[in-house]
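One structure, pasted below without further comment.
As written, the chains take the letters A, B and C, and residue 1 is the first residue of each chain.
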Amino acid sequence: MTTIGTPPKEYLLAVEGLTVSFDGFKAVNDLSFYVDENEIRVIIGPNGAGKTTVLDLICGKTKSSAGSIRFREKELTKMSESQIVLAGVGRKFQTPSIYDDLTVFENLEISYPRGRSVLGALTFKRDAAVRERVAEVAEAIFLKDRLHDNAAFLSHGQKQWLEIGMLLIQDPELLMLDEPVAGMSVSERIKTAELLNTIIKNRSVLVIEHDMKFVEDIAHKVTVLHQGKILSEGSMEKVKNDPKVVEVYLGH
Amino acid sequence: MKRAPSFMDLKDLIAVGLLAIILIVVFPALLDGFRLNLVAKYLTYAFVAVGLVLCWGLGGILSLGQGVFFALGGYGMAMYLKLEASSVENTKIQSTPGIPDFMDWNQITELPYFWQPFHSLPLTILLIILIPALFGFVIGSAMFKRRVSGVYFAIITQALAAIATILIIGQQGYTGGVNGITDLRTLHGWDIRTDSAKFILYFVNAILLLCIVGFAMYVRDSKLGRILVAMRDKEDRVRFSGYSVANFQIFVFCLAGVFAAIGGAMFTLNVGFMSPSLVGIVPSIEMVIFTAVGGRLSILGAVYGTLAVNFAKTSLSESFPELWLLGLGGLFIAVVLVFPNGLAGIWRDYVQPHIDRALKLNSKDPTDPAANVAKQAAAASPAE
Amino acid sequence: MFGDYSLGDLGSIFAMQGFAGLILFSVYVLMALGLAIIFGQMGVINMAHGEFMILGAYVTYFCSEFFSAYLPSLFPGYFFVAMALAFLASGSLGMLVEWALIKRLYKRPLDTLLATWGLSLILQQTYRSVFGPREVGVVLPDWLLGSLPVTDTIEVPINGVFVMCLTALITIAVGLLMYKARWGRQVRAVVQNRVMAGAVGIDTERVDRMTFGLGCGIAGVAGSAFTMIGSTGPTSGQLYIVDTFLIVVFGGAASLFGTIASAFSISQTQSTLEFFLSGSMAKVITLLTVVAILMLRPQGLFTLKVRR
């Protein structure tokens, strides 16, 4: 178990003693880890290790049984999903989660950080600032020419990009990505890596990924989860040579 | 490059203008007083149908309890009118003069406290809006905050409709029971039973409906309208984009409820009574079918759908009452299986292209969000 | 409210009302069982469930007429024939409906609701045209009439006891079928993962059709039992549809035990209240309580299992 002492103040995200059980099964068990400002952290681990559950817990989709999640000194476990987003946490889902019935423009516009209350949405004006920002992001996610097509007509890879774009427009301080390159073609994968490399600047990122090449490219630090606990943590080099990690991945 | 979707673009303006001409010029010119009054009755249902387009069509929240809201408005208005008709001198033969006749028949000797506010017209109008909004808020908060939606919401709202009917019929001393509140006479001294009053009320009703239609279009074309569609599609994505999904659901449910209540109040004024036959499970689900026939995503479709189904109902049930239920049942099935986008879908797929070609307009105008949404729903089968 | 009755009277009242509640409970369980299978297991909202039940009631009525006219010697046993026929008639109609309508709508639960409502209107009108608008009642054989004295002040009607035994038998049979038999496993497999179930060789279309047919067939038997305590008209089924759905939802849509428990609590509450209040207020209070509980604690009382 890797536990670092009392976290100094500059940690952006501090997860401590986090536990959640489903019908007695502890999917995440007494988990602690810390993410720095502008750090890119990759979580790896075999299937069922609890990786997605950790992201679910941080963004409030799942409620924890015990433990705390502090983000910029705010306790996330007590906040609603939308409050967590407003605090600066963004989340991309594993399967592309976009609005099929709306256009690419409208998809991006909904994530624009203004007019999120009922009244705000009712009086929201699509002004020049919104248009410019949407155009800018659309360009970054290679969908400049598809702005006014319904999102349903995009390819799988393009849908993934669109969701990344929605997060980009949201401009979170902590960005959580769940397998951003899964199910993509080789060329899409290269473009996505390029896209991710540009958007992860100036923010902290928590990524779940299986593609080791991709992980090696971007990770500052790697956390290996196994059966809801941390098996190993540190640089890619260190983790790769950890005998416990080797056993979990290659043993059995 | 398309224009940004905006409230009341040219196409909407033409469509609403056309509806206004039909309602305000064509019907009064062609129909006699009796038929015009029938149309007025149908139009009061259209208020409910327009609300359902926002709530069910865009937001994906199917309420089978809209009759309750219709009743809240309708009974509110009826209570005011009944109190005015039950002045002491009108009711001096009763054992307790000054209270509604049905109360007297049920040995009630004092006006119940919840009838008191309905002595005042401004208060009545306020309550017709506020009570349904509050009711919608309570029900909506209880359910949406706990993530109850879809089928369960439909079943529970249906149960509410059933409960409301049983309650109204059971408490006849306070509500007029199964006959409802009848023998209504004047509105603030103005006799609503005369032909000229009915004629004027028709226009009040039609203009109010056009205002509601305009407001509904504003909501649809605002970002809120797009969030409703987004919520129907991927509730979690909306939630994790920083929106409180429950608040939006509560809002649209309340809004649909208030529309229904206004319709109910107008029903009482135009038709001259209010009864539990407009409250329960059957009328509530019929209002859903009006919306479905018109096209669940189309605000104007809801108005035409309501008119079409009711014209058909009146003419069929006058001549072949047995056929009507079969026809209505068949309509339900046909709309679901064959025409999920209703009249609006048929218009868009078969009529609009011809008109556009004739007018040499760009037929692929993608700026109309409703058209986009509808197009989508036609391409894929509509989700719940 | 209790002041006018002595303690012994009150005991008898509760016992008698409790028994009346047990009969209501039996009918609720029978109706809810079919719906629990269709709604709970398949995620289909069948608003025409009451009409399937009424079909069973009409079949029973015609059996009683037929036997008394042509086979009076066999009349005492006609009820068993009627139940079997009711099951077959409602079940076959159910399979037909599944094939023609429901199978196109598995991904659109709210649309199923509208379509089956349409179906219920059509069935009601058909009953009215074919069987007439009048309510009909069956003639019970002698051995089902009368009542059994339990104590001096408490006696229970035999037909009620019979309906209860019948309900118990059918419930056990359904329980065995759904939880012990291979077929029940197939049904649950299809519900949980249609594609996977198909991939491992389950004929998912056939399972769907049989499940829907079974649910409707049980509704038919419920209708048959219903004739013993009430008369049958074209719209009788609609009166019960809301109660039935509430029972299934209240009990936890996918749980057979929950359905029985909720049918029990709702029927007992209602029949006990009925003695002290008017029938309509008893019903209002019962339904309101159920709705309020459902609003306050939806997560504990039902599992969301709608087919996606």
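Here is the rule we go by: contacts are C-beta pairs under 8 Å (C-beta built on N, C-alpha and C of every residue); 3 or more make two chains touch, one makes a residue touch a chain.
Keep in mind the model is a prediction, meaning the values are calculated, not measured.
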Legend entry - Innermost chain, where centres are averages of C-alpha coordinates: B
Inset, instruction - Could you find the chain whose CA centre sits the greatest distance from that of chain C? - result: A
Inset, instruction - Compute the distance, rounded to whole Å, between the mean C-alpha positions of chain B and chain C. - result: 33
Inset, instruction - Round to the nearest whole Å and give the separation of the Cα centres of chain A and chain B. - result: 43
Inset, instruction - Calculate how many whole Å lie between the centre of chain A and the centre of chain C, each centre taken as the average of the chain's C-alpha atoms. - result: 49
Inset, instruction - Would you mind writing out the residues of chain A in touch with chain B in their complex? - result: 59, 61, 80-82, 85-86, 90-91, 93, 97-103, 106-107, 109-111, 113, 115-118, 121-124, 126, 131, 148, 150, 152, 163, 166, 170
Inset, instruction - Could you pull out which chain B residues touch chain C in their complex? - result: 62, 139, 142-143, 146-148, 150-152, 154-156, 158-160, 162-163, 166-167, 169-170, 281, 285, 288-289, 292, 322, 325-326, 328-333, 335-337, 340, 381-384
Legend entry - chain A-touching residues of chain B, taken from the complex the two chains share: 1-2, 4, 219, 222-224, 226-227, 229-230, 232-234, 236-245, 247-248, 251, 366, 369, 372-373, 375-377, 379-380
Inset, instruction - Name, in rising order, each residue of chain C that touches chain B in their complex. - result: 43, 45, 101, 104-105, 107-111, 113-115, 117-126, 128-129, 238, 242, 245-246, 249, 278, 280-281, 283-284, 287-288, 290-291, 294-296, 298-299, 302, 304, 306
